[in-house]
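Heads up, the thing below is written out as C-alpha cells.
Letters are used for the chains, namely A, B and C, taken in the order the chains are written, and counting of residues starts over at 1 for each.
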Amino acid sequence: MNSHPQLDERGKLKHLLSIEGLPPATLIEILDTARSFEQVARQDIKKVPHLQGKSVFNLFFEASTRTRTTFEIAAKRLSADVLNLNVSASSQSKGETLLDTVDNLSAMQADMFVVRHAESGAAHLIARHVGPGIHVINAGDGRHAHPTQALLDMYTIRHFKHRFDHLRVAIVGDVLHSRVARSQIHALTTLGVPEVRVIGPQTLIPRDVERLGVRVFHHMPQGLRDVDVVIMLRLQNERMNGALLPSRDEYFKFYGLTPDKLAHARPDAIVMHPGPMNRGVEIDSEVADGVQSVILQQVTFGIAVRMAVMSILAGKQERLP
Amino acid sequence: MNSHPQLDERGKLKHLLSIEGLPPATLIEILDTARSFEQVARQDIKKVPHLQGKSVFNLFFEASTRTRTTFEIAAKRLSADVLNLNVSASSQSKGETLLDTVDNLSAMQADMFVVRHAESGAAHLIARHVGPGIHVINAGDGRHAHPTQALLDMYTIRHFKHRFDHLRVAIVGDVLHSRVARSQIHALTTLGVPEVRVIGPQTLIPRDVERLGVRVFHHMPQGLRDVDVVIMLRLQNERMNGALLPSRDEYFKFYGLTPDKLAHARPDAIVMHPGPMNRGVEIDSEVADGVQSVILQQVTFGIAVRMAVMSILAGKQERLP
Amino acid sequence: MNSHPQLDERGKLKHLLSIEGLPPATLIEILDTARSFEQVARQDIKKVPHLQGKSVFNLFFEASTRTRTTFEIAAKRLSADVLNLNVSASSQSKGETLLDTVDNLSAMQADMFVVRHAESGAAHLIARHVGPGIHVINAGDGRHAHPTQALLDMYTIRHFKHRFDHLRVAIVGDVLHSRVARSQIHALTTLGVPEVRVIGPQTLIPRDVERLGVRVFHHMPQGLRDVDVVIMLRLQNERMNGALLPSRDEYFKFYGLTPDKLAHARPDAIVMHPGPMNRGVEIDSEVADGVQSVILQQVTFGIAVRMAVMSILAGKQERLP
C-alpha cells in the first residue's frame, strides 16, 4: 500500500502539504508549469479553462486575507468555482470536529481544499482523511510548513539567478517560529543550493537547525557575506515585546536589513520577503523599495505558482502553447 | 386573485417557503428534477448553464456558513452569479428596515433570494413583498421551517427506500425548537408515509404535535421499534444546560442514538442527521460512522436538491439528457 | 508630463476619483454608456463579456455591504472576476502600510481597485501610486467624494427630466458631513443645472458652500419652492444625538421631507435619496413610498452606471447593439 502523504503510487503529486519529502523532479515540474502560467497573467483575458467546473474550497481556520486572496485569484484564473470558508466563525464554534467539517464539505463534491490552520499537521490530517478524488494544499499550518510560499520563492530565485547549484542563500530573522523558513530550507537543499545560511539571534534560531543542512550565523554582516540571495522573514508582532527579544529597535539594529548590512552581500544579490513587511523592524524602506528588492515580483510569481500547483493536482497540467 | 404564498395561479412553484401547503406533485417534481442534477456532480465539469446571467442573493440575517455554502455551490454549479450578504453586519445596523433592504436588492435586479433569518415568517414576509420576477427560498426561519433540508431528507429516504407508502419513520430529539423537524413532518405526511413518530423528552416535544399526524414516544427503544428510517435532530448547544434538560450526559443516556438503541429499528434502517453533529450528545460515533448512517449522502443530495429548487423557480427545470 | 489625476494625456478617463475636475463630456459619456447597460439588466441573461478575465478588487477599508454589493454585481455582469477584501480585518491590523497593501494587490495583476476608505483622499493616494494598467474607482472617501453615487443621481435626473439646463435642484440635510452632497453639487453644476440649492440647519451647512455655486436655505418650504428635483441626504446615526442637532424629532419637524413640505416643490418634482433611508428622520414613509419617489430606480440605474464606469476605464466602452 502506498503510504506517501503527498505522492500517489506512480509518484504523481496528490496533495501539497510540505516541501519535505518531495523529490527535486516534483519541485521542478511545479516551477516549469508555473512558467507557462506566468504568461497568462500578461494576456488581455487572464483566464484559462483548466479547472472549469471544479470546486475549490478555501478552508481558513486562521484568518489570512492576503494568502486567501492569492489562492482565490489563482483558482479563478483557472476558471474554478471558489468557495471561501472562514471556519473559525462557523461550524467549529458549533462544536463540530475538524474531520466532520471536512467530511461535510467533501460530500458537497469538493475537488480541492486550500487549508490554513494554526495547528501544525492540520493539512496532513485532512489529506489522510479525504477520499481519493480530493486534493489538499497546505496554505500554512502552525510552525510547520507553507509550501507554496517556498515554491514561489524558488521560482523567484530561479527567475533571477537561473540555476540553484552555485548559490549562497541567507534566511534572516525569526527562524524558530517560521513555517516559511522551514519550507524554504527544505526547498533550497532539495534543489541543490550548496550553501544555505540562517541568521538571527540565538533565541530565534532552532537549536538543531544545522541538521537540516544549514549554517548558523548570529552576526548579520558576517552571515550576509557574498550571498546571492537574502530572504528576510517577517517578525510577528506578538514576538516584538516578548521575552525572546530585547526590543523592536534593538532588533532592527542587529537584524534589520539596511543598505549597510546588504553591502556585505554580492552586488547583484536579490532581496526577498514573504510579506507583509514591517518596515523599520526587519527591513529598512530603502532596501524594501531599492533596486535589489524583488519582493513584489514574488507576489506576481506566487499567483503563477499556485495556478501550477492546482492544475498539477487536478491532473490538468499540460503546458500552455 | 391568487393568494397562495408559494404557487402561482397555474400551480407552478414561485417561492419555496415551507413544505406546509405544497401538494405532493410539487415535492415529487423537485425530487425528480434533483435526480438529474445528482449526475452533474459526478461529471468532470460539474456545471450546467441553467441560471447563467441570473443573480442569486444569499441574504443571511443569521450566520450559517454551512447552509450558505450549500446554496452557493448549488447556484454556482447552475452558472448563476452569487452575492453573499451577511446582513446583520450591515444595513440592519444602520437602522434600515428589512423590507427596505429587500427593495434595494430587488432594485439591483436580483432574480432569487435565499433567506435565513432568526424570526419565523421572515421569508414569507419577503416573498409577499418582492416583485413578480423574484423568487424566494427559505433557508431557515426561526423555529418555523427549513424546507430544503426536509426535501433533501425526502430525497435521501427515496434513494434508499424507493417508496414512501410503506415506511415507519422516527424523528428523535428536540422537536420543540426544530424548524427542521416541522418541515420533515409535513414532507413525510404529504408524501404518504403511513407512520411518522417523534421521540424525545416531554419538555422538547410540542404539546399538540399529534395534530400533525404523528405518534409521540418518550421511551426511545419503544419509539424506534421496527422503524425504517431514524432521523436524529441536532441538540442546540444553548439547550444543553438549560431548564428543559437535566444534563448532556442524561440526554445522551436516554435519547442519544447508540448501537443498542438502534438495534430496535429494522436491520436495514437508515440513520440520518441534518448536521452539524454533536457526537456523544445526540448520536454515538459508532452509529454516526456506521454502515447504517447516510448522513454524508444527505449532504451530497442536498446540493442536487437545491439546484433543483433553484432551476424550477427560475423556470429552467427541463431535465438533463 | 500629464498630472491630471483622473484623465490621461488624451483626455480619456483613467481613474474615477471625484466629479470635481471632470469635464462635462466625460460625465455625458458615462451617462450615455450606462444607458446601453441599463438594457442588459432586462435581458434573460444579464451578462456581457466586456471585463472577461479582468480582476476587480473591492478594497474596502470601511465596511459597506450595500456599496460593495453594487460594485460586485456590476463587475460580475461585465464577466470580471471579483475579489472582496475587507482590509480593516487583515493586513492593516498586521501593521502593513496602505501603499504596501496596494502594491501587493497590484502585483497580483489587479486591473481595477474599487476603494472605500474613511480618510478623505485615500483613493487619490492609491491612484497616484498604482502602475499605468490599473484603474481606481473611489467608492467613498471620508467626507470628500462618492462620484458613482453622484453619477447615478445624474442618470436618474436625466432619465426623468431629460435635460439639465432648465432645472432647479435642492439637496436637503447634512451637507456638511456628506461626501455624496459634495459630489452631487459638482456634477449638477458641471452638467449645467442653472439652480442648485442646499437646505439644512446652519450647523450642517458648510460655511463657504456658496463658492461651489449653490444657494443656501435654512427654511425648507422656501428652499423647496418650485424645484424639479429634491435630493434628500441620509442623516448619519452618530449625528442624531450630537451637539450639532437638537433631537431626531426636531430634525424631522424642520428638515424631514413630508407631503406638506414636498407640496412646495413642482407637482412633477422627483424625490431622491442615496439610501439607506432613516424613515421618520429625514424622510416620511408617505413620501419615500409615494408616486414622486424614484429612490429604487436610483439603485437600478446605479448598477448600469457602475458598469459604464468600469467598462470605460477598461477601455471596453463600445456601445451595445
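We take it that a contact is a pair of C-beta atoms (placed from the backbone, for glycine too) under 8 Å apart; a residue touches a chain by one contact, two chains touch by 3 or more.
These numbers come from a predicted model, not from an experiment.
Chemist: Pick same or different for copies chain A and chain C, depending on whether their interface residues overlap by over half.
Modeler: At the contact between chain A and chain C, which are copies of one sequence, the residues are largely different (under half shared).
Chemist: In steps of 5 degrees, what rotation angle do you get fitting chain A onto chain B on the CA atoms?
Modeler: Result for this pair is 120 degrees.
Chemist: Where the centres are mean C-alpha positions, what is the separation of chain A from chain C, in Å?
Modeler: Going by mean C-alpha positions, chain A sits 41 Å from chain C.
Chemist: Identify all positions of chain B at which a residue touches two or more other chains, and write them in rising order.
Modeler: Within chain B, no residue touches at least two other chains.
Chemist: Tell me, which parts of chain A touch chain C in their complex?
Modeler: Within the complex, chain A contacts chain C at residues 41, 43-47, 63-66, 69-70, 72-73, 76-77, 237, 275-279, 296-300, 302-303.
Chemist: Per the contact definition, I'd like the list of chain A residues that touch chain B in the complex.
Modeler: It is residues 52-55, 81, 83, 85-87, 89-91, 94-97, 100-101, 103-109 of chain A that touch chain B.
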